[in-house]
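Quick one: this structure, given as structure tokens, is what I'll be asking you about.
Chain nomenclature is as follows: A, B, C and D, assigned in order of appearance, with residue numbering initiated at 1 for each chain independently.
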């Protein structure tokens, strides 16, 4: 199967390439980058010297339709909504790593993305690609809205107790921390080494665009409207996300009862791993891999359940999950091309 | 005035020395280090070559009584409780950076510190040295229990709304993050560079020894028993603490109303700075300095108040506050010797 | 083919496991760790939870002889010299990542390793596993002395010009820099996060044990005795080595002439990549991979050639090259199991 | 004395402010920033909230002449050459942290700075502000060309042996490493956190603009033309420079003889510290301070002297040395306002 990547020189693209390079069923034939058309990929990313010398091209839907069966979009917000419809109309499957097709509510999209949403008929086709939860609908999809990084770590951590109606609907607090690569390759003072090194900060409190996405996913899982409190922070490291989450248990549960519940919930899902009692996952333990690792602590004093969920933001939080979704769409083994172990230390 | 430091080769001591070196009213005459007796300080810390060549000594209360008026303890847990009584009995003032004299409840001490507490008559003399809150009692004290790092950042952030009875007593959640130096200079796999670099982790969930300390301080401020949910994390940086705190407001308040309240609460306290609406303090903004910087966000959707409080864990969270307390005890300007600006970037 | 790893809980072992896990021709059946016998591997390294649950065992040559065909030693100095002879005598092939079998000169070994060398008959069997240079003798070897990290980066950078007799034998200066993982998992103040973070230092100037190893390799390549000046430094990062090398060219050469020479020298060796004129490799460009990347600059003002050579110290500098050598010994494609791309960013 | 800073929002400026804030003889009245005119300084640098609320202004030489006696330029290249003449003509003393007035050779300036040099009569007035070496001429100067960061670390390390005619004039190799803040606050992919974190790289090999500056200073000290080989590298840390230098000793010397020579050479210079035999300075040991620390190793095998010299690039390599020069110009104690200890860890 031939595939293309649009948005060729961001971190999403470079991670897609890492996994596609060793994927047995797929050939990457085309990399589209508006701003680098005509340049060899390895000139922009010398770590791929002698390995990925594909010359980047401009977007051309007719050309793509001739060459490839599936396209990954690793573009900034408000780009894929213009291009995906053209490809879908030509029968090309699309996996979109941006947020353009994730939200169902037009008003929320405009509020958080600052522009109009894609046309409704394309939004309706989009399947939200949270692989472990939406496995069935992903199988038949031709357009995948690949989840955001925070939403992946967060919802995988919360859904087991929400879907089992074990927690109160209010007081759901998500204190999230990300490595700097989450901000992409665009330059800003926020990602300037001397300002971010040896620093830790909160940002976009109360207005991060992942808030409506998380609430949409959780509300479906809980079959009830959920409102969250979500505070993102930046950690002086390149990769990794941790969501530390606080919920009120409806009834007392021991930590081990909850661990058993989570293990059961994810028993057919190799990329979610539950830690034993007293052990909590660290971001480095999933570095470079597609795992989501979860640790639990039921505080008997306060009745709170504390959930710690970690992913590599560029892998399970973006490109790795996109490959996983491609595998599911095609009926391949879910782990195909994703068997690389976390790199440690 | 002559002073001594006990516990000479930990990070608490080396930071005390940094501030004492330029303090106009004080001479550091003696550094006690059991394990390094006879060694020059600058051999252990070459950054002080040619500057601090004091030869370290063993603890001897009679010798100390002859030489100094005040002693700083920068020792591990369960050391100062044996030595401070001997010095207090000889009329030497003591500032203890360890936790030995912070808790009032003997059972909690045993539970969290694993040994018996100091004798009650010394515990009773100890004044909890949260400078901004206990200013008056610090003035007359001869024994200061200098606050822990997390408790300092946390309680300075919470007390204004608790003391003003503006928040619910339950659902107080403290998601705290510290730089690695909080673990001191003792070697462990947790502080091994290759394991901690490019990593972020939670630890001691539900059983950190700062939990009873924070609850004791907040309960006094609120005049009611307070239970908290407290999750500490380690950030791959050397210095800095951030406490991100979530409380339920009893009544709706705008962010700006709350900022005004905090500014008023701390108006006579130069080391607490309140950020303007929409701005949140970063740990690097207090690096090397004695400031505690606070940002606020009142979430109108959920009724939660989010408080972000940062300090340098080794300064306001330890040695800087100890100097500040020495100043207060002696009736000197609170900022004496502490006017160094944060070092940035 | 079944293989075992001795020295199971160091970074050498954990990287061997990463590559063996996906190697198509090999099964890892046994992990030996004296100090962790009876423990599951993933308890020590939770990033391999659910993946590598092998229970570690104590060393037993008879047991090993029954189970495996080849053994990797990832042990500290002066361990494998006692154990490898026992296995060799039983016909088991050995790849030794430690320095025990690298030096040919007994006196130098004693000077730099502080103990007696292994018995001469085993030293004589050992083939120095610098894969690109000693390819032919590795093929028939039963005992491989896998090169050190600094020697790999350094000698691959210098041999092309030395073997072609293009540089003066004196004035060879090697200014080397390593990430902290080069010091392994043993705890020390040198690898304590708070001391090493935001720090850069030189160490072991003039007495590093890689000096005789590098001189031995270079002297053979130059067919003349070579003395080097070698200064190692530690960089506040986990992985990566850069050797910046300075040599006197016998005759003027342009940078491009030298690049052509290096490209030709390594044309059959996929793991050595030569950068174009004006481009120099960065350590991050080989992160997690088996590449050695080299950049060149011929300074026309001073007649010096500057060579920049980078590797991942844990991969091409240790475990990756060990896998490469296993492949060569067995007549497999050299890149088998090593096709993972560098992970970037 | 009133002073101004031009180039208000770079790292040079912010460090000048840190030292001026506590300087007993000086008041900072004016901060000039073309791009931030009208903005409060602490809005751009929130770590100075409540402390430095000066409103920034545009450059106006008449206004400056009324307000201040001395001006610091912390501007990019090719700015101060236009503005300093106007101030000098009005009798205002200037200390220039940029490279505009450092070189004496017009051709070299054009080659490395890409533009024409300042007018000769101003160049002739400029005194190169390497405080320890040019102390006497700094005293009477009205225009100081403050040295570059690499040249400061490098020349202070080399001058003692060059001035004493103890080393060969050729084969002087300088392998230099800097923290990222050396690149300033301007955004570029080179200083993008995700690209620079966990990375180490060489850059501008053979064409860095500090080459002619270093050669000019060394040639004067040696009273003979000196050519160097200079390779700069970037370390993933914010602050600190290390120059590791290799020279050929004319005659054999023990390390201790050379240490004695260096100690004698710098005996009246409190900011240069020489380490004992076997000890080498680390960059963190001068963090935030004005020290230049030097370690030596005379390699008896090869006849090379290895010199390790470290500074904080933003302090002794820029703003701290500028303050030191201001002190010398005014006949104040050299250390005034610079007594802050290195901050460690």
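One rule holds in what follows: a contact is a pair of C-beta atoms (placed from the backbone, for glycine too) under 8 Å apart; a residue touches a chain by one contact, two chains touch by 3 or more.
Computed from a prediction, not measured in an experiment: that's the story for all the values here.
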| item | value |
| --- | --- |
| Subunit D reached from subunit A - shortest hop count over touching chains | 1 |
| Result of counting contacting C-beta pairs for A-B and A-C, higher pair | A-B |
| Chain of greatest Cα-centre distance to subunit C | B |
| Centre-to-centre distance between subunit C and subunit A (centres being mean Cα positions), rounded to whole Å | 36 |
| Distance from subunit C to subunit B - Cα centre to Cα centre, in angstrom | 46 |
| Separation of subunit A from subunit B, taking each centre as the mean of its C-alpha atoms, in whole Å | 39 |
| Per-residue multi-chain contacts in subunit D, two or more chains | 11, 179, 181, 194-195, 197-198, 236-239, 282, 284, 287, 345 |
| Complex contacts: residues of subunit A adjacent to subunit B | 170-171, 173, 175, 177, 179, 194-195, 197-203, 205-206, 227-229, 231, 233, 235-240, 242, 244, 246, 280, 282-284, 287, 295, 297, 299, 301-302, 304, 306, 308, 345 |
| Residues of subunit A that touch subunit C when the two form their complex | 11, 14, 17-18, 21-22, 45-51, 181, 197-198, 238-239, 270, 273, 275, 279, 281-282, 284-288, 293, 339-345 |
| For the subunit A and subunit D complex, residues of the former touching the latter | 11, 179-181, 183, 185, 187-189, 191-198, 236-238 |
